[in-house]
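First, the structure itself, so that you have it in front of you.
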Amino acid sequence: MYSTNDQSKSRLDLIRQRLYIIIYGVNTPAGKAFDIGLLIAILLSVFTIMAETVEGIDSQFHNELIVLEWIFTILFTTEYLVRIFVSKKPLRYIFSFYGIIDLLSILPMFFSLFLAGSHILSSFRILRLLRLFRVFRLIDFMEESSRLKVALLASKAKIMVFLYAVLIISVLIGTLMYYIEGPENGFTSIPKSVFYTIVTLTTVGYGDMVPTTALGQFFSMILMVTGYGIIAVPTGIVGVEIAKEVGRKLNSNSEQQKFRTSLNGIVCAHCNKEGHRNDADYCYSCGHHLKS
Amino acid sequence: MYSTNDQSKSRLDLIRQRLYIIIYGVNTPAGKAFDIGLLIAILLSVFTIMAETVEGIDSQFHNELIVLEWIFTILFTTEYLVRIFVSKKPLRYIFSFYGIIDLLSILPMFFSLFLAGSHILSSFRILRLLRLFRVFRLIDFMEESSRLKVALLASKAKIMVFLYAVLIISVLIGTLMYYIEGPENGFTSIPKSVFYTIVTLTTVGYGDMVPTTALGQFFSMILMVTGYGIIAVPTGIVGVEIAKEVGRKLNSNSEQQKFRTSLNGIVCAHCNKEGHRNDADYCYSCGHHLKS
Amino acid sequence: MYSTNDQSKSRLDLIRQRLYIIIYGVNTPAGKAFDIGLLIAILLSVFTIMAETVEGIDSQFHNELIVLEWIFTILFTTEYLVRIFVSKKPLRYIFSFYGIIDLLSILPMFFSLFLAGSHILSSFRILRLLRLFRVFRLIDFMEESSRLKVALLASKAKIMVFLYAVLIISVLIGTLMYYIEGPENGFTSIPKSVFYTIVTLTTVGYGDMVPTTALGQFFSMILMVTGYGIIAVPTGIVGVEIAKEVGRKLNSNSEQQKFRTSLNGIVCAHCNKEGHRNDADYCYSCGHHLKS
Amino acid sequence: MYSTNDQSKSRLDLIRQRLYIIIYGVNTPAGKAFDIGLLIAILLSVFTIMAETVEGIDSQFHNELIVLEWIFTILFTTEYLVRIFVSKKPLRYIFSFYGIIDLLSILPMFFSLFLAGSHILSSFRILRLLRLFRVFRLIDFMEESSRLKVALLASKAKIMVFLYAVLIISVLIGTLMYYIEGPENGFTSIPKSVFYTIVTLTTVGYGDMVPTTALGQFFSMILMVTGYGIIAVPTGIVGVEIAKEVGRKLNSNSEQQKFRTSLNGIVCAHCNKEGHRNDADYCYSCGHHLKS
């Protein structure tokens, strides 16, 4: 009994280990195939959900789409359970960022058994793609996204100032536009006027609300030019971070290069001078052999 | 009598001082709590005013909203009077930028007693948020906004040239579009055509006025590509300032480095001068041998 | 006879000279007053023309506006004649850029005597503002605009490549959209489809033509993201020029500073070393007095 | 027979060579004239096709336009055959990028004999303009476009991250908007909601779909500000590449300077090495005194 138990345990461990490599591994063919398969499955399942909301498609293929969605959900549920199974600390996975996303991407379908329509929320499983950056050339992607993250964190204060300014401007101008245009011209409330202000300031310009009074048009023109101009601010925010980053790189590069290519810090034993060429045999100042 | 008067005076001074620390202080818990409370009160009062303009909400909760607005107004009025009370130079506060904003944010409600509807202007009290930058991490915010201010002031001339160009282009193309499209296609006047030009140049594009003639569409396409292109100008304006700022930083860095690499801090034993070349044998100032 | 003729001639010359200083001068009070007066007159005359196209205003003040326009035209005609009178080479002024603009800004009003409505073109006199950069702080403005001009000229080839690419993309996608959407969805001709493509690519988005087929919406989404992305190209074009300009400045600065602040090229008469501090009295290498 | 055959062959070779120079040459007058002629022919033929889709023009000049299109097609077909004739490796030309474009630009017209309407696809011959960059100042253009290509390739990973993020955001927010607004407000399906999300995120803003619920407007405002802000990302992507390029240039400049200032070109009389420090007395390589 003891040995079989031990054997089955070690067999289970072996399966667990193999599955772990397939699911979390990147460099093995199996791991790569699994990632690409998962990527395709996620995209197809999202397209299935989308297709179901298009009336023309749904009326023709309703049952097929439902079956497809259940297949994908069972697939992802199995994957979720396997992920828990292979984790050394299952609870840690379950409550991790990706663990919660994995759960949220299967739950809506089961909820739809009780609450019709809720399965549409399954399309949030598009978030699972976040993990699949690694399907592409891993290191480049990680580097780029972490660089963007660093830049965003570094400019947190600047972004807050920017959003603060946008908030104040939009409430101010929104109130002004509500006063100038009034409900008779479609500016039925301040929240709607604020919506108009944001639509204009960000140069989106839906055109569902448009100023019709001369004064309203005048203020809108100022708002547009302002919005057109302050787009330079977020660009500048990122620009500063980039310039800093590049500056840091250039600095460290030039420092390294200076030492490598031209002069070094070896001290002449005879005259104590330093700053010789890397390939120097004799001191430039006293002519003493450097290696002696 | 004398001593009680003196006592009451010093007591008043103490209250004044304590209130001053609460209202203007940043680093004390009481000061921080006051700032956060004020921030929430301002946002809530603005939301109250906004809500009143939304018909669905107003018809149901009209009286409650009015009461809320009066509560906020009394609160802000009390705060305004306390601010005057604790100021050592009350007039200076009253006529300061923030003093005027504080007054303007309570006046509309009182005016509304005589002139219905004017209390809507209370939402301008959103401007009070400007002072509350300090609720967040004070120094970062102040630095960023002052940096933006410096950059904007430094590029005043550039911004003027840009606005001048926008003005000339929009009047020119506006007149042209009025001539080409004419009132029958919605371009009823030159001011409206100028409005259309700005809407197009800033890539807002409401779509309330759209060229229908071939020539009008042709000129509009040129206008769009121009507008799409000259967005680079404000971006460039900020870019120059950023590059200058970074350059200034790099410069001061490199200056320090130059001092380190070519000149050093060795002190001449004879004349006490420092800043000799790293490879100097003799003092530049007195000619004394440095190593002796 | 001779002397009076001579006197009147010299008097005329004096008047001519004085007028020249007023019209073309910048630093005299009279010259500045003339420029500001001209600026206001141009703006007012343009506003008058604009006002005439607004039905509400025109129906009430038609005659007043016409009188105003004639006053401005006579004013500008007088100015034009005086400019010819004071020029030493009148023909050169007449055929100069500003001379032609000056003429074009008065002609439409006279044409309107024969051809009703043509006086609207008088609003092109807004171009006269170009000359009035100097009303503001002259040198800053000139520098900024010439800097922008240099940057634009330097990136001529890049701008051409960009416009070439926009042309090819818009014809290609325009044809595609015409094929996909067809006249039944508002894409009545290829030129209109090209118009739609430019409207989308530049993120203007009027919304007068909107794709309704799934394929059309798919291509439009690609077009939008492309347009949203290639805005980086003109920004980058200007960015390169700015970086170059700043680089050039930093280079020349650091070179000058190196010589001024730290080391110079004086050669020691004793040991032929150079690179002494500017305030050095003795050679850093041999201790010889440098000025001896 | 032999000699005439040989002669005719050499004559054919001569014709082939001359045609080759005309078609592919740039610097000869004939080559330049051919390129400009081709440029004009392509543009005119594209305009002809466009004109045919405009109802007003087509109804009046239908036959003329068809004749023109056939003339252009025969012209381009002749050119295509000549290009094959003059190529030393005709198959290589036929299956090259430009060879396929050349073929595709004549095929639709011949297909239109069997399938009415397909000749419209001839407007894809606008792609032939790609080859005609060389009509303009060749080297500048080539350099700029290759530089843009290098920058785009270098930032491939960044662009992928950006598009990945746009994809995930648009599906997420698209689903959310579908849920919030629903078919009754025009958000009839998730694909349409995704279309709306992209339209808003890229600040295009057609206005054919507009949120009407408070929650939908709130999320849309966040979306707009996000879209307005992340435009900095593509700008930043190009910015990094530009900064790198400029940095590379500056680096190589400073390297040259370093060589000038710290190391010089004095040649050691003993071992012929160069690259000594400016203040060196002895050769770094052989220890020989440099000035002796």
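Residue numbering begins at 1 within each chain, and the chains themselves are lettered A, B, C and D in the order written.
Keep this in mind: a residue touches a chain if its C-beta (ideal position, glycine included) is under 8 Å from a C-beta of that chain, and two chains touch if they have at least 3 such contacts.
On a predicted model such as this, the values are computed, not experimentally measured, just so you know.
S.K.: Once the Cα atoms of subunit B and subunit C are superposed, what angle does the rotation have, between 0 and 180 degrees and to the nearest 5?
M.R.: 90
S.K.: A-D or A-B: which has the larger count of contacting C-beta pairs?
M.R.: Between A-D and A-B, the larger count of C-beta pairs in contact belongs to A-D.
S.K.: Among the chains, which has its CA centre at the largest distance from subunit A's?
M.R.: Taking each chain's C-alpha mean as its centre, the farthest from subunit A is C.
S.K.: Note whether the interface between subunit C and subunit D is symmetric in residue numbering, meaning over half of all numbers used appear on both sides, and answer same or different.
M.R.: different
S.K.: How many angstrom lie between the CA centroids of subunit A and subunit B, rounded to a whole number?
M.R.: Result: the chain centres lie 30 Å from each other.
S.K.: Among all residues of subunit A, which ones touch two or more of the remaining chains?
M.R.: Within subunit A, residues 191, 194, 203-207, 227, 231, 235, 239, 243, 275, 285 contact more than one other chain.
S.K.: Once bound in the complex, which stretches of subunit D touch subunit B?
M.R.: 203-207, 235, 279
S.K.: Okay, in this complex, where on subunit A does subunit D touch?
M.R.: For this pair, the touching residues of subunit A are 46, 49-50, 53-55, 120-121, 123-124, 126-127, 129-130, 133, 136-137, 140-141, 143-145, 148, 151, 159, 162-163, 166, 191-192, 194-195, 198-199, 201-208, 227, 231, 234-235, 237-239, 242-243, 245-246, 249-250, 253-254, 257-258, 261-263, 275-277, 279-289.
S.K.: In the complex, go through subunit A and note every residue touching subunit B.
M.R.: 157-158, 160-161, 164, 167-168, 171-172, 175, 178-179, 188-191, 194, 200, 203-207, 210, 214, 217, 220-221, 224-225, 227-229, 231-233, 235-236, 239-240, 243-244, 247, 251, 273, 275, 285
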